[in-house]
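The two complexes that follow have subunit A in common; it is paired with subunit B in the first and with subunit C in the second.
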Partner chain A sequence: MNAHQESESDEVEALVVDMCRQHDNAPAALLEILHDIQDAVGHVPQSSLAAIADALNLSRAEVHGVVSFYHDFRAAPAGTVTVKVCRAEACQSMGALTLIEDLCRRHGVTLGETSADKGLTIEPIYCLGNCALSPAALVNGKPVGRADVERVDGAIREARS
Partner chain B sequence: MSAPLTIYVPRDSAALSVGADATAAAIGREAAARGIDIKIIRNGSRGMFWLEPLVEVARDGVRHAFGPVAAADVGALFDAGFPGAGNGHPLSLGPTEELDYLANQERLTFARVGVIDPLDLAEYEALGGLEGLRRAAAMKGAEIVEAVTASGLRGRGGAGFPTGIKWKTVGEQPEGRKYVCCNADEGDSGTFADRMLMEGDPFMLLEGMAIAGFAVGAQEGYVYIRSEYPHAIATMREAVRLWEDAGLLGDDAAGSGRPFRIFIRRGAGAYICGEESSMLESLEGRRGTVRSKPPIPAIAGLHGRPTVVNNVLSLATVPVILAKGADFYKDYGQGKSLGTQPFQLAGNIKRGGLVEKAFGVSLRTLVEDFGGGTATGRPFRAAQLGGPLGAYVGIGHLDVPMTYEALAEADAMLGHGGVVLFDETVDMAGMARFAFEFCQIESCGKCTPCRIGAVRGKETVEKILRGEDVARNIALVEDLCDVMTDGSLCAMGGLTPMPVLSAIRLFPEDFDKGRVAAAAE
Partner chain C sequence: MARLQEIDYGTPKRETDKTVTLTIDGQSVEVPEGTSIMRAAAEVGQQVPKLCATDMLDSWGSCRMCLVEVEGVRGTPASCTTPARDGMVVRTQTQRLEKIRRGVMELYISDHPLDCLTCSANGDCELQDTAGEVGLRDVRYGFGGEKHFGEAAEAKDTSNPYFSFDPEKCIVCSRCVRACEQVQGTFALTIDGRGFDSKVSAGTAADDFFGSECVSCGACVQACPTATLTEKTVEAHGTPNRTVLTTCAYCGVGCSFKAEMQGDQVVRMTPYKDGGANEGHSCVKGRFAWGYASHKDRITTPMVRDRITDPWRKVDWDEAIQFAADRFKAIQEKHGRASIGGITSSRCTNEEVYVVQKMIRAAFGNNNVDTCARVCHSPTGYGLKTTLGTSAGTQNFKSVEKADVILVIGANPTDGHPVFASRMKKRLRQGAKLIVADPRRIDLVRTPHVEASQHLQLRPGTNVALMNALAHVVVTEDLVDEAFVAERCDSEEFGRWRAFVAEERNAPEALSESIGVAAETIRAAARLYATGGNAAIYYGLGVTEHSQGSTMVMAMANLAMATGNFGREGVGVNPLRGQNNVQGSCDMGSFPHELPGYRHVSDDAVRGAFEADWGVTLSNEPGRRIPNMFADAIDGGFRGMFVQGEDIAQSDPNTRHVTAALEALECLVVQDLFLNETAAFAHVFLPGTSFLEKDGTFTNAERRINRVRPVMPPKSGLSESEAVCRLARAMGYPMTYDHPSRIMDEIARLTPTFAGVSFERLDREGSLQWPVTEKAPNGTPTMHIGGFVRGKGRFMITEYVPTQERANRSFPLILTTGRILSQYNVGAQTRRTENSRWHEADRLEIHPFDAEERGIADGEMVSIQSRMGAITLQAEISERMPQGVVYTTFHHPSSGANVITTEYSDWATNCPEYKVTAVQVARSNRPSEWQLEHEEVRRTHYRRSMEPAE
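== the complex of A and B ==
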């Protein structure tokens, strides 16, 4: 570990300790804590697991087990813009699978992965509760209904600006 | 000077997904530029999503609808006299309540959704809110349970278990720490009623939870909301804060002399956490692994304590029952399917949205009269009822009345009330493959038939799709489905066979395309 990485992980640790305290160090709040960390840092760094385990009086294996169970938590940062496209049944009925293929091809990324320039991540999601305006997507948290390549690209441009 | 005209532009996330924020901003700008005095209220959605952004103007106590209004349409609308008139404009739809889609519904649970500002407590109360809670606060717990039982209300989360009976069990447990947990994980494709209610009338859910708390002697409530619903989470958090400030939650909740508090929790992208015991594990900060039963949550639920677990719609319907009486509610519906069901029309449908109707309405009425057929205009071929674990049905099922009993008889289920339409281009073998794939992605991993069966099932359907040994592989899938049905701990593995087998049964030709294609080569 170089000096830069070390100070970064110290920072993360301080943040984690603080976030756990805000939830009274309650083990039941683990998901909330992980969300808070991911909201602040963009992912759940490996280096945070020990600090969480310490604060909540859990084993590291337990914390790791929870992080790995839930699809939301990512171990590495996502791209600057994250596009989540629904591929559940209602969206499939309106061409979601083709939309996903087209989006990935156009941006040169594989579904579930981040582009080389770290600018974009396209991920599958299973229902956004917008099934009457299928296909549905979320672009950096902003909902896009009746999604097509143009509408999603527009939302990506907006998220970048 | 006359009072400003009130203009409604929904804040529902589906409306936002087609530009409601931009529309609201454009209306604000245009009115200011023309010196017209208006007040914009961000309401929930009326649930007519093909008309979103649906803008309404209140004139002389009547709301007039315009839709779909894109930001770019706003200038022309004002030119035609909007908001003062504008009735001649092509986007003018007439009085909102007179639109067939709404006029033909029986909205009890959704009575205020899309009507009010979701976070305006005074308006909530003016339209009947808090009546149920005030009644309940003066009643004994057992009396509340009795009213809910008498109403015939059954769980709207999927299993349809009588709500009153569940509450009775929790109420009869010795006094002490008890919980009310609201299941707002709404993971089923084709469903959005919970989301709409939380975004459009969040106080009603809080009211239902508080009534449940009084009924069973619980002191705390949790709402477990899926992380895919950031807007619902934000609205519910704000709603709780407003209720705390108003003294409706706290040590003396709603002047009942009893404590009740509510906490909002986020899920983290796991479909299985909608299964109640998995949700409880998740609420305790653990992996969402399904618990073996017994014990049932009513006896040992959250932190091992007696717990009511109910769906958003079940809880949100309780205030109506308390306010208007069990008899009023059970006058709707038929047989053992009493009251109303918020159906959700989704997928390839022209007029997708929320239709609350008494149980017993036919699928045809929903799909044709309300839905207007497919969005693409191609012939309807299949519908999936009740989410990803529900059966596919075809044209032959259109006259089935939507009740728990009639659907079970037709080898289908109501689930959470989702109806997902597909046109003739759907590949039903592909949908069967997806059912297994979804189970593979979302299985909690506890039992082998589900964990391994899903993977094997997907691979086998892929062989069928390639035309390999079709008859033998279909038989293999059917055997596998038997094993999953019999050997799974919960309905994830136990009901994945439902979409798969219904697809094979109703659309056998789709499972033979690969073989036909291979033979032609």
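== the complex of A and C ==
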């Protein structure tokens, strides 16, 4: 670990300790704490797990089990723009899989991963509750109905601007 | 016996008197209320197929293999999660069930490699067995889909030295994860991800097994139904084909084990579910660290030499015995009968210890016998006998399940007594309250899902002050159990004690400064202990190894009596014994003033019984204690010594003094597995036997007498007791037993508390807790029910007297010592196993402030100087320590922890004050003078003298 990384992980640790304290170090608040961390840092860094475990008197394994169970928690920072495309039944029947494939090819990204320039992340999601407008997507939290490559690209441009 | 396969009932036993009756496959079954259908079925021999269930764990209901049909109930409930109810009619085998089970099994096998014949679990795999039971003939899904094995497999994790984790074999039943949580209480494992991506993970994604929180207890390996978690020894040798039931030779918990064998080779050790002490659990030492028994350092041939600077000469048994006997006799002729003696070992069996003390009393003709318990739990014997009437703990381990408040003093159960700690942590997770009194923040203070209500971080040496302060609160805040005291205790003595502890000088406020704990915290702890329900005290050497060790034991007994915490389950005062047979070696008459059963040598009636049985006249004068033996050796009055399995040159305080004494001896006979530090001064070395070669009994901390059975003949060709008998005979006293069971028969004949004990009964009933008498023919799990053994409980005045060993400007810090999980005492056994990977060297733990003040960085070498000497260790900066106190373990001889400990000792029993040494710590770049000397001696005269001549 270089000095820069070390100071960064110290910072994360201080932040985590503070967030856990705000939830009275209650083990039951683990999910809320993880959301708080992801909101503040953009992801749940590996280096925060031990600090959370220590604050809540849980094992590191338990915290890891919870973090890894929920796809929403990410271990690494996402791209500037995150596209989530629904892969549930209704959207699949309306061509979501092809859409995902096209988007990935066009932007040179593997599904579930972030582009090399850290600009874009494309992820699958399971039902956005927008089945009437299948296939459905979410671009930086903003819903895109009847999604196709052009509409999603438009939303990406908008999110970047 | 052939390989013993215990029945797995699938779900844990329920303990209630209320029962329900149901019909399973046409058979009527009566089971305790709350029992699962699965267990009820197993009780009548009908095992329902299962994968995720095992009787060490709560039911989980995930594998869907154990479905049954219940009349009047829709669907097919899981038999593991459905409790049996009165009048239920259950079918475990129907066409519908068969079809469902086979279908589920197809899904499992579609994601499991079919390499059974070359798999390490072949023949010992529940998945394989269950596939057979459900008649799997085909997998309709094929093997073409996404899967977890083959090319897709994650790498096998072999980081743990004793077992491997092969994720490709995993069926994600979570048994390992749940075993780590429920049985061991460490929570080191989890399921990573979800759905099809689920996999077992030790720690986080960044950890492997070795780097995770795993303590290598092996509960996960035991719980695994497949080859996913497998002992490396099984991978290397194959599955065992026979079983020998025996007892672990490490700590005083005394876990029962199945030694699983191929020929005379141990394949693995598996804890035995019917073992009363451990109920199927174990720790890293017992389950895995038995390799020392066949280590290349083992000496298996007797050796002699004229001078300790000579090389050893290998001889046969007869010559070695004759050599020792001749020397001992010559010494006695010249210097009198009392000029020789010996020490018994708490690691040997009751029978082996008994014959050594008998040899000393009958063949040597004096009472110069002492035992290593002198330096650990002698104050326990003294204190509990004085107050309660018996030199032993009051409860069995199971009792902790009924405790509401647990007070742990001067013990570190998760390291020292891990299997009991797991039982304790289980109770704590259920809501029992915990008070820890310890200068160091031991793991129990705060560990996942367990947190002490109070951590009384007292200054070393102030135990008695703390107890008096707690008692003061009990007495002055009206928390005494008056009815209990009036009925069960001596009222006059209680009155005196009450007045004494009520004095203002014993108030928390008055003592707070010396103890180093806030008065309010002490008051809160006292209230919790006195009013929280069943309160149990568990303690270790942090209580006994002090100048007021015996006083402290009595102070704890006082407190428990005053609050009515004796005579039922869930309460009591319980020593956690350090070694496997400390209790037993004390019971066997190892002390210079006591014959077996703690009866004084001056008691004519008792001595008469032994004299009649042994056919000799016995001395009525107590013999020498260990410290007297050393002192007299230096003065010349004591010249010959027989040391059974104890490394006094490493374990006893003030090493230089001990080695000077040993050097002065004219004849030192060492009976041991290895050429230990003490053997460097020996003239005769008699090779000992490991527990795998012993036939006898160990008595654990709960007075449980367990059988130790040999899995192989003695590597030395002779059992230890036979070697001792031969020495006794060579000294002129006839002592012959044709079997160790005869020794126990003699013990039972002469010792009232053992009256009902015999090998035959132990073999039949598993274990017995003494006293086993006419009044308690089945033994005594809980002592003092209805009344104390001595009659009325005796309150003793426990005046706090600070130790003479004080910190001052030159020695401003207090050093205290302890153990670590992976190592065991002087390390003779564990250092010769892979356990050393967890603890390669002893370190000095020091508070960050104390370190900073001295300019010490983490990992730097530091010298630790006491009034007695100096040693050098690596520093470990640790917030476990309070300011002003430093700590080290003592597992490695080169650390020389006892070079710096003092000669102060318990006023009543001479138990050394290991736990308090005033020291100064400073940065250092070189080994201490002692360590250089030790190395030099090792290099020159030890090497020549220690290496056996070919």
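We adopt the following convention: the second predicted complex is superposed on the first by the 161 of 161 C-alpha atoms of A that agree within 3 Å, B and C clash if a C-alpha of one lies under 4 Å from a C-alpha of the other, contacts with A are read in each partner's own complex, and residues count from 1 in each chain.
One rule holds for everything that comes next: a residue touches a chain if its C-beta (ideal position, glycine included) is under 8 Å from a C-beta of that chain, and two chains touch if they have at least 3 such contacts.
If you're wondering where the values come from, they're calculated on a predicted model, not measured in any experiment.
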Legend entry - First (subunit B), second (subunit C), both or neither touched by A:144: first
Inset, instruction - Decide which partner touches more residues of subunit A, taking subunit B and subunit C as the two options. - result: B
Inset, instruction - Name the contact category of A:69: first (subunit B only), second (subunit C only), both, or neither. - result: both
Inset, instruction - Please indicate which partner A:136 is in contact with in the superposed arrangement: first for subunit B, second for subunit C, both, or neither. - result: first
Inset, instruction - In the overlay, answer first, second, both or neither for which of subunit B and subunit C A:125 touches. - result: first
Inset, instruction - Identify the partner contact of A:90: answer first if only subunit B is touched, second if only subunit C is, both if each is, neither if none is. - result: first
Legend entry - subunit B/subunit C common contact set on subunit A: 62, 65, 69
Inset, instruction - Name, in rising order, each residue of subunit A that touches subunit B in their complex. - result: 26-32, 34-35, 56, 62, 65-66, 69-73, 88-94, 125-134, 136, 138, 141-146
Legend entry - Residues of subunit C touching subunit A in the complex: 186-194, 201-207, 212-213, 446-451
Legend entry - Complex contact set, residues of subunit B against subunit A: 13-14, 16-18, 49-50, 52, 186-192, 194-195, 227-232, 265-271, 282-289, 303, 344-349, 352-353, 375, 384, 388, 418, 420-423, 426, 431, 434, 438, 441-442
Legend entry - For the subunit A and subunit C complex, residues of the former touching the latter: 46, 49-50, 53, 57-65, 68-69, 75
